[in-house]
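Both complexes below contain subunit A, partnered by subunit B and then by subunit C.
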Partner chain A sequence: MIGLGLPRGFVVTLKNFIRPPVTEQYPDRHVGLLGAAKEAGMNPFQFLVKKPADSLKAIAGLATVPVAVKQSPRFRGNEFTYFEDRCTACASCAKYCPLGIIEIVSVPGKIDAQEGESYKLEVFDIDIGRCMFCGLCVEACPYDALHMGTNFERSKYVRDELVITKEELFDAPKRPSAFYRPQFEEKGFDPFKETIEDFHDAGRHEQKTYDELKKKWVDER
Partner chain B sequence: MAIKTQPVTVNLGPQHPSTHGVFRMRVMFDGEEIVDVEPIFGYLHRGSEKLAEERTYTQIITLTDRMDYVSSMLNNQGYILAVEKLAGIEPSPRGVWLRMIASELQRIASHLVATGFLLQDLGALGTPLIYAMRERENILDLFEMLCGARITNSYLRPGGVFMDAPDEFWPALDRGLDDIVNTIDELETYLSGNEIVFSRTKGTAVLPPELLINASITGPMLRASGVDWDLRHRAPYDYYDKISFERILHTASDNYARYWVRVQEARESVKIIKQCIEQIEPGEVRPSFDEVPRLIRPPAGDAYAAIEGSKGELGFYLVSDGSIAPYRMHVRASSLINLTLLREMLIGGQFGDLFVTFGSVDLNMGEVDR
Partner chain C sequence: MNQAMLDNSLWRNIYCVLAGDSAQCASRDYSAGLLPGGLEWLAFLLAAAAIIGLVINGILGGVIVLIWGERRLFGRFQSRTGPNRWGPWGTLTSVADAVKTMFKEDLVPADADRILFNLAPILIAAPALLVFSVIPFGVGTYVADLNIGLLFIMAVTSLTTLAVLTAAWSSGNRIAILSALRSVALLISYEIPMALAVVGVIMLAGSMSLGDIIAAQGVPFILVQPLGFFVFFIAAMAEMARAPFDLTEAESELAAGYLNDYASMKFGLFFLAEFMAELSTSAIVTTLFLSGWRGFDPIPSQFWFIAKLIAVLFVIIWFRMTLPRLRVDQVLKFAWKGLFELTMINIIVTAILIAIWPQPTTGQLWMMAAINWPVAIISIWGVSKLLGTPAYDKPQPTAEAPTYPVASESIPAGSVLGAEKGGD
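Up next, the complex of A and B:
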């Protein structure tokens, strides 16, 4: 109907005008007195009495609280989680990376009577400055040693600082993402609250049983 | 009294907010009327097709994400279909259903963006664009649940998808679909009856269907002129033959028809996703690595696979020489081909309609230049 279109349109805009905002303020969100008191875990009166300076700031509209951005556990992000004890320096990750930004240098390591010969990893660098977080390196790792991280804040002033070294990976908080690691989803691991420090807790996503391995490597040969 | 005017040439873009990226036009005006248009592109050329020649078949998925960056899932799907055809891979059923859901969601997102930006170009500053973007954001949240990324998904793999959807995905999807329908209703009450939209878009940039067919234009632009051509129906790929959906057609072939077809197609996509949810069965999402290894070595030969992308027929042509990387990859980029009629659409029109017409083509510079 000609003539009704515009008023109907204004009804829609009016409805949207009064609905709660969906925008997330990042990194901080401005709060009033009520919000600041809630953040401090007291009721507004307590807050007024105990922290007069902060309350004045909140009333003036200057108080901010950090925002927790809602992320999925599969988020493919920064700070790869890496378990050195599991890594065999096979360099599958380096070969699989479309950009070739993983650098691996390995040297012959110790010879163990039980486990045979092993390689020692000397360099394991990921040039995060060029990484596009596709996750193919994680998908390629046959021993579940490398996981995507869930962090996304890693701004630096110098490009060279963006290269993650083995030591840095070793010390970084281990908050692996559930990307290509269904075992984390099965046990309900929440990377935004907990960390996994020991590789034994990380689980394997497709661990073959002894019989399967025997069939593949002994019987079929 | 006739005013004596003189044609002037104006350079539009590449850094112009209304050119949907980095597109440049040299336009000649006579007063308000457009006399000549020369499109110039290539500012976003990244050589994806050449780069593909030195990457393995799995690594190329990350390149296809970056071609049409508002519909990466659809690009993934087109490419994966070509690889499957080339290497003779039999996909896993659950993986196929999941990638159909993902690509239909992506189609909705892409049509929403197209609608929002068309209205933005029309002068509805912000409001409809924000409504459309708000809904797209929910779809991107669903993608983040599925694959961990919002724009550059790389979700599909030869033979299916890399991981099954998490448990919380299905209720979120149901809620999301309701929201999408609400938003489309809202957009339609807001715009489809709006007199300003009518007067600005009806009867502008009309193209005859014969011309569209001759220029091999596909997608919503073609369907807005009444030609019933949808690859999901004409040459069903994946499991589209198990799905029933209406083909959206409009006969006016003007800017309004193109807008209308996109909005209605988004509605149809919601129905398609609902049918997919009903038919999906538990199972593996991709063949095991014994069947489809990580490093695919297809036999020498070539394959072309095309899907109905959000902008038209999106085809991938792969030539293999039997090694781990393709010998040549060519993309039939629908945006680029839809752009070929720009001159016919614009010449003789008014200056004010330039960006509306341009927006109604729904092109994406990432795909035009690759």
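Up next, the complex of A and C:
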């Protein structure tokens, strides 16, 4: 019938009006009294009595609660995670980078009789300002020394600050992304809650025991 | 001070606090005045200034709240939260917007007629404010009760188009003039149904004074005059020139229409006038059809007025969020072929009913409502039948082969495409 489309349209908008909003608020979420009390871990009455100033703020609609954005563990973000102890300075990452923004300068280090020749890393700069986060450097790394990060808040006022230096990579918290690193997902590692302290944990394989090494290199020969 | 002004509590309270010892006020138990005797004229002027300031600032404050509320409601209608960052629940968002608008550069185009260009924002803001001078906000709370109040409103609201035309002409911009032409067409089309729709109300109340119209509404006129309300509401939405009737500033066709060349606070005044028009429209609808300030006793009448105002505003915003913009010819066709007939039916039916029951009581008003509702439903259905395009939304597939030439017929059989077709 002619004209039925209009009321149908009004019902559609009214349904949307009644539905709770789907907005994801970031970096903080505005809460009322109930939300603030829930965040503090007590019921509203306790909250009113124990924290009158905070509850007044919440009633006035000014209270905010910080929220974390829901992200995939495979998120390819800023702040590359780098394990110095795993790196052999082979410069595979620099070779595979399509934009050529990874700069590596390595010098011959000590020569160990058992471990062989090793190289010392002098410069390891990544120009994040030109990076497109394709992840090819991470795929190329043969020793799982370089991982994608999970952070995305790295806006700067000066362009030069966008270059991540070796020292910054050393000091940054180790929250590697699970991109191209299935071992993290197998272990159930959550980069948004925990960090990796020991470089052995970042590897693709378990470290071999002495017996296994002996079997491989001594017994089988 | 004449007697009519002393009956008005808004005037009386301010005037008599200033000049309490005059004879008029002493008889109404106002003893001490701030001003000495013999300065009644000064008290009168001060009272007038105070009332003007009170009403204008009240409306501007209402507009600030309305902008915030409208944006919040828009958000909720689209499953968003709306502005909620600046101030509690985002209430200070419109203040921040106003500050931002004021600090912008005030540009005037080189081709503009400078005097008219500067005059247009004032011209558009004034009529929306003038409407509130006759609206009763509560018992005895009004600026003036004109005996031709309704006529005054009709006259003043149509001034908006003059301002739009001035703005468009003085901008020296052809897109703006197109927008102004649309605005004039819209106004001429919708002023007639709007004026004819209130004829039923005037007949029922027997007066054009808004105070008398409210006094006559033992039953809210939305129940007695459903057809009149329907036509008036739609025509008033068109007069506001907002969605679905925002032809004058259609973003996708005319950029912003007559607003194209305005910047800074001049643009802000146009924006303000648009919201003031929304506020005044809902105030008029409340007064004419929702029985104004009338309500239950313990709650003050001003509260009832504001509650009904907010309800009408909600419906207007709901309309705006739901309906898309109409084409120019559709809008004009709707006014001339649809609403005009409806108002005529309404006037005839109401005139017959008034001839039967002159000066109707509440019971007779209910009888009129019982007669008017079927009339309204049948006539709206009939007019929609006349106006509607049959089976527009579900085109039926035709059984015969299409008459237009099909490309495959002209392809020779031996060609590559023809061979492919045969292979299927």
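Observations
The rule is simple: the second predicted complex is superposed on the first by the 202 of 221 C-alpha atoms of A that agree within 3 Å, B and C clash if a C-alpha of one lies under 4 Å from a C-alpha of the other, contacts with A are read in each partner's own complex, and residues count from 1 in each chain.
By our rule, a residue touches a chain if its C-beta (ideal position, glycine included) is under 8 Å from a C-beta of that chain, and two chains touch if they have at least 3 such contacts.
Treat the numbers as computed from the prediction; the structure is a model and nothing was measured.
After superposition onto subunit A, the modelled positions of subunit B and subunit C are compatible, with room for both. Residue contacts after overlaying the shared chain place A:148 against subunit B, while subunit C stays out of touching range.
When the two complexes are overlaid on their common chain A, residue A:5 makes contact with subunit B and with subunit C alike.
Contact with neither subunit B nor subunit C is seen for A:108 once the two complexes are overlaid on the shared chain.
In the overlay built on the shared chain, the residue A:13 is in contact with subunit B and with subunit C. Once the two complexes are laid over each other on the shared chain, residue contacts for A:22 go to subunit B and to subunit C alike.
Which of subunit B and subunit C touches more residues of subunit A is settled by the count: it is B.
Once chain A of one complex is fitted onto chain A of the other, the partner contacts of A:41 are absent, as it touches neither subunit B nor subunit C.
Within the superposed three-chain model, A:30 lies in touch with subunit C and out of touch with subunit B [touch as defined at top].
By the touch criterion defined above, A:185 reaches subunit B but does not reach subunit C. After overlaying the two complexes on the shared chain, residue contacts for A:132 are found with subunit B alone; subunit C is out of touch. Taking all C-alpha atoms of subunit B against all those of subunit C in the superposed arrangement, the shortest distance found is 5 Å. Overlap of the subunit B and subunit C interfaces on subunit A comprises residues 2-3, 5-6, 9, 12-13, 16, 22.
Residues 2-3, 5-6, 9-10, 12-14, 16-17, 19-23, 25, 30, 60-62 of subunit A are the ones that touch subunit C when the two sit in their complex. Remark: subunit B residues 55, 58-59, 61-63, 127, 131, 134, 137, 141, 144-149, 152, 154, 162-164, 166-167, 186, 189-191, 193-198, 294 touch subunit A in the complex. Across the complex, subunit A meets subunit B through its residues 1-6, 8-9, 11-13, 15-16, 22, 70-76, 96, 98, 132-136, 139-140, 148, 177-180, 182, 185. Contact residues of subunit C toward subunit A in the complex are 73, 75-81, 84-85, 88-89, 318, 321-323, 384-385, 388, 390, 393.
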